[in-house]
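Residue numbering begins at 1 within each chain, and the chains themselves are lettered A, B, C and D in the order written.
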Amino acid sequence: SVALPAAASMARGQGTPDPLITEVQDWARYSGDGVDATPYGLPIQFESDVIRRNVSWLTADTISSINFTPIHQLDGTITPAGCAFERHHSGAIELAKPDYRLMVNGLVDRELVFTYADLERFPRRQGVYFCECAANTGMEWAGAQLNGSQFTHGMIHNMEYVGVPLKTLLAEAGVKPEGRWIYVEGADASSNGRSIPLEKAMDDVMVAFKANGEALRKEHGYPARLVVPGWEGNLWVKWLRRIEVTAGPVESREETSKYTDTLANGVSRKWTWVMDAKSVVTAPSPQVGITHGPGPLVITGLAWSGRGTITRVDVSVDGGRNWTTARLAQPGVPMAMTRFYLDHLWDGEEMLLQSRAVDETGYVQPTKNALREIRGENSIYHNNGIQTWWIKKDGSAENVEVS
Amino acid sequence: ETQTARDSAFAAGQPLGLGRAALPEEISAWNLDVSPDGTGLPDGSGDVMTGEGIYLEQCAACHGDFAEGLDNWPSLSGGEGTLDRDDPEKTIGSFWPHLSTVWDYVHRSMPFGNAQVLTADDTYAITAYLLYSNGLVEDDFVLSRDNFAEVRLPNADGFIEDDRAETEYPAFSTEPCMESCKDSVEITMHASVLDVTPGNEGDATGDAPVEAALD
Amino acid sequence: SVALPAAASMARGQGTPDPLITEVQDWARYSGDGVDATPYGLPIQFESDVIRRNVSWLTADTISSINFTPIHQLDGTITPAGCAFERHHSGAIELAKPDYRLMVNGLVDRELVFTYADLERFPRRQGVYFCECAANTGMEWAGAQLNGSQFTHGMIHNMEYVGVPLKTLLAEAGVKPEGRWIYVEGADASSNGRSIPLEKAMDDVMVAFKANGEALRKEHGYPARLVVPGWEGNLWVKWLRRIEVTAGPVESREETSKYTDTLANGVSRKWTWVMDAKSVVTAPSPQVGITHGPGPLVITGLAWSGRGTITRVDVSVDGGRNWTTARLAQPGVPMAMTRFYLDHLWDGEEMLLQSRAVDETGYVQPTKNALREIRGENSIYHNNGIQTWWIKKDGSAENVEVS
Amino acid sequence: ETQTARDSAFAAGQPLGLGRAALPEEISAWNLDVSPDGTGLPDGSGDVMTGEGIYLEQCAACHGDFAEGLDNWPSLSGGEGTLDRDDPEKTIGSFWPHLSTVWDYVHRSMPFGNAQVLTADDTYAITAYLLYSNGLVEDDFVLSRDNFAEVRLPNADGFIEDDRAETEYPAFSTEPCMESCKDSVEITMHASVLDVTPGNEGDATGDAPVEAALD
């Protein structure tokens, strides 16, 4: 038998027998719940803190607002629909399938109306994709602000979608040669609309009706939403009711007043659709301190890129002086989240924890300062800079920035 | 026979014959978007004073009497010259490139909580008032499809297309440093909202809003 | 513009304008739910029929019983935890993380006790795997019996698991050379235990604590269960409390009285762990008739193999006379579910719908009769025969067997 | 230094020093399984008559007075000679290969709803009674660790190891037929439980149990 690290002998010191083992517990004696107890189940009561949370001062009210996925408590890559973040502009609406209509109009040979039942008759496809709000990490542009990965990076989810390729629906209507863009719009009162170049529309965009196996949740666009792989969440129109083929972009409110990125000189970038490679250490992090003291520690996080697959994630425990390439839990999936792990022996000293994603294009996630040098501090959107968590000796953590 | 039909219809990307023709009345009901060149604008018109009346009744409670904003609700006027400063104030006058966006958004998305009920005339009038409150027209201005294209918003030229491919991707695509990448590392900033970790009530109530990015 | 199939002109006949389009609906005018409405969400009310269901006459009571995943209503491959089937032998127990203990004992250098917190400190891995009860389709051995894919094939789910490789925990304890098997046991009152050869234990078995991103649900073994890729669900011990390294199998009740397969001559196979390649058309099927009449029809289903990846699925609409290779939604994933689609133009005539899975070993899912020829009708478990749905002209469907 | 420690501990599959030593009392509390050769059996003994008393009190309500089963609850005796017939009746006497399994299962999993409370003596006695009710011992039989190995259950040789690799995989791994695979196809059987499609109450109440595979 092999020699154990120092911590081991301490932790394994003899004590008194644990009554949780030596005494027959109620759950080992009496019956639990039968198979008719929860036809559709929820998480166990002990996990009641694993929920979406909103930050009340971010917006004037909760109807046009956002909440955050508890990424700090999740693992793997799939986001459960129940706690996948929501962003509404006029609240989550309740739209029954029999009441659902999808119109395709504009520069097409045949302007059409589909029912939900029609949608289910087209050939389907399936894919896992992340949906990230362009404003994710937006509160951090001017400096460290929110204390937890849920709040700094939680405007994202990653689900397995099933739906009809948009190009199939467009082929059904027949796109005219003058058609160069599409305009997509939701059935809610915000009538949230965005313009998308036809090239993307004919590539991988889909009209999805299932997420993680089941019907889309109400708050994610039931019965049908757009899935725009790799592109900002605002384009993923929920409760999709209309697709118009147009010659040019509509330049609607969501693509002019919002979702444009103002540079330091006051000029603003528009049409910044793609989400660049990004990563974050989800735990340990401010909401998930280290409670076990020195020794083996799993450092884990998520990485994603709107430009393809994540090929590598590096982790630094010293604020970016030295980096170790982390283990990807599985090979990267294009425009989907990748889980990474760094198995670390923590010496109990302070750490400045960072992660840095690399995608298949060779793009390396930049520092926040490198982004600021180019964009200034007023971009609001597309903050994909490297995040730093200051882990203190007591295992607690804080959101900081470093030189 | 089935097999042949499937081959021809599915393989060649031919239409499958699903759905039905959209009727003209249906298309008019939903095809409401307005483009920068005025495409999509309906008949009708409205003047500043009529617009002020409707605005005060339906909009001012949130956006302020002169569209200057209220509490956390968006301001729709003011902010000129702030785009290159810290925390720019982005309004129709200071930021928006196209008047069509105002007409379209107000018509389809406002008033918040009671949307998609404004008439074309209402919307022309409110839009005229919003131009006026931004100091862009006089108080006798009347807006209609005919003069719509003449109105140019101050920041019309303030936008460029996404240039990350040129300005960022080359710089951010070099082989990253792995060892001794810096001499020293100092903490330069601490989280300004420390008490964000919430209880179980699902609402992270922090201190003052330092940067309310989502308004 | 191209000529349309006959059905199209009918379906597209002019009518009166649809008030759902021409009139402003409430959901397009008033606000929906804010982002604080559902910190942890559930499916929309209209999907309340997408639930696990049990069949009361199958067992004496619901405490040691099973319910069925509504696979006929799902799509994609991920099973939502909320409706993933349950099998308990003494009900689903409520075991909090602080009360959780995992013992490793027997032929090891160091007999150990781990807390839940300890488990989280070991290097983790992630994988999507199907978990199929060996009794899935067991009620169909003697002939077509239950009328719906939920009931004939719903003792299965497919989730993304995260946990600690069992070999890591065994290495921590140090397996002695005499150790050839492990015995695994749960904390519930059934104390459900099974023996597993060490070779499998050291291969891909894991002690999982997350499924589909979040903590295991109570009914799936919170806080930790065994994941035994490709092998029958009974081995996937829930509320795992003990792993003993042994020289031989314990031959416990679950591996002698149950989960053995009696052949026609009265001799029973034991240690039939692996789940052979299998598939089923989930829709159309008895619970999901065709409501739209002739024309385009999506035929879809699931395929899986405990012996590796699904490489191909064939579909027959004429009871196995002729077969067409279906489209796999994504390339097969080892020991995980694969979704298949056949885009079919239905002529409105009767169909005898079948699917046939092929896995990477070249194994081809057999007919039920081919299985019966070898095993007889009393095997109870491991019925992976080809399923037939009789689709009638009115679109309704029935579970049948064919010559 | 950290890096070195990590390399040595994680890379070589060395123990990480997590967990603590299991104490002897703890191991005895949970290490209760009994193997076919009697490994795991504790001290103690019990006779048929004592067993009958406990059985009638704690078991008979479900399994019947003579272990013959009741309603849908499992029968524990009878069924001899049914294994090669349709619907075999599998009991301790007709099917189970090892007595250890009876002792172990009764001790750890029964009585259903109040498990893990039987003493060793109770369990020896009940097991003796179950042998008796299966006609395998006389009414004066006393069971203990010492004579445990002498008891052989009738179906001890009734099991073979999984032989699918030889008996099935070759036959089921040939290139499948794709076209005109049969001359004709007839429906040979219809679903016997047609009304299984349930309402929303989550319980598919069908007719009579035709095959209750899960008991």
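As a convention for this text, a residue touches a chain if its C-beta (ideal position, glycine included) is under 8 Å from a C-beta of that chain, and two chains touch if they have at least 3 such contacts.
Bear in mind the structure is a predicted one, so any value in this text is a computation, not a measurement.
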- State which chains count as neighbours of chain C and simultaneously of chain D. A
- Message: For the interfaces A-B and A-D, which has the higher count of C-beta pairs in contact?
- Response: A-B
- Task: Could you give the separation in Å between the centres of chain A and chain B, each centre being the mean of its C-alpha atoms?
- Result: 23
- For chain B paired with chain C, centre-to-centre distance based on mean C-alpha positions, whole Å: 45
- Message: Centroid from C-alpha atoms only, then distance chain A to chain C, rounded to Å. What do you get?
- Response: 27
- Message: Can you pull out the residues of chain B that are in contact with at least two other chains?
- Response: 10, 14-16, 18-21, 26, 30, 112-113, 115-116, 202-203
- Going by residue number, chain A touches two or more other chains at 2, 12, 18, 21, 28-31, 36, 39, 48, 51-54, 63, 65-67, 90, 103, 110, 112-113, 121-123, 174, 189, 191, 295-296, 343
- When you draw the chains as points and link the ones that touch, which shape shows up: line, ring, star, complete, or other? other
- Message: Under the stated touch criterion, can you name all the chain pairs that qualify?
- Response: A-B, A-C, A-D, B-C, C-D
- Note on the structure: Contacts from chain C onto chain A in the complex sit at residues 1-2, 12, 18, 20-21, 25, 27-48, 50-54, 61-63, 65-67, 73-83, 86-88, 90-97, 99, 101, 103, 109-110, 112-113, 117, 120-127, 160-162, 174, 187-189, 191, 209-210, 212-215, 217-219, 222, 239, 291-292, 295-298, 300, 327, 329-330, 339, 341, 343
- Which of the residues in chain B come into contact with chain A in the complex? 10, 13-16, 18-22, 26-27, 30-37, 62, 71-74, 83-84, 86-88, 90, 92, 95-98, 100-101, 104-105, 108-109, 112-113, 115-116, 158-164, 167-169, 171-174, 176-182, 184-198, 200, 202-206, 208-215
- Message: So in the complex, the part of chain A that touches chain B is made up of which residues?
- Response: 48-49, 51-60, 63-67, 89-90, 103-106, 110-115, 118, 121-123, 135, 138-139, 141-148, 151, 168, 171-174, 183, 185, 189-191, 193, 241-242, 244, 246, 248-253, 256-257, 260, 262, 264-274, 276, 286-287, 314, 318-323, 352, 356, 358, 361-366, 370, 374, 377-378, 380, 390, 398-403
- Message: Which residues of chain C touch chain B once you look at their complex with the stated criterion?
- Response: 2, 4-9, 11-18, 21-24, 28-31, 36, 39, 295-296, 317, 324, 343-347
- Touching chain A in the complex, chain D uses residues 2-3, 5-6, 9-10, 14-21, 23, 25-26, 29-30, 112-117, 202-203
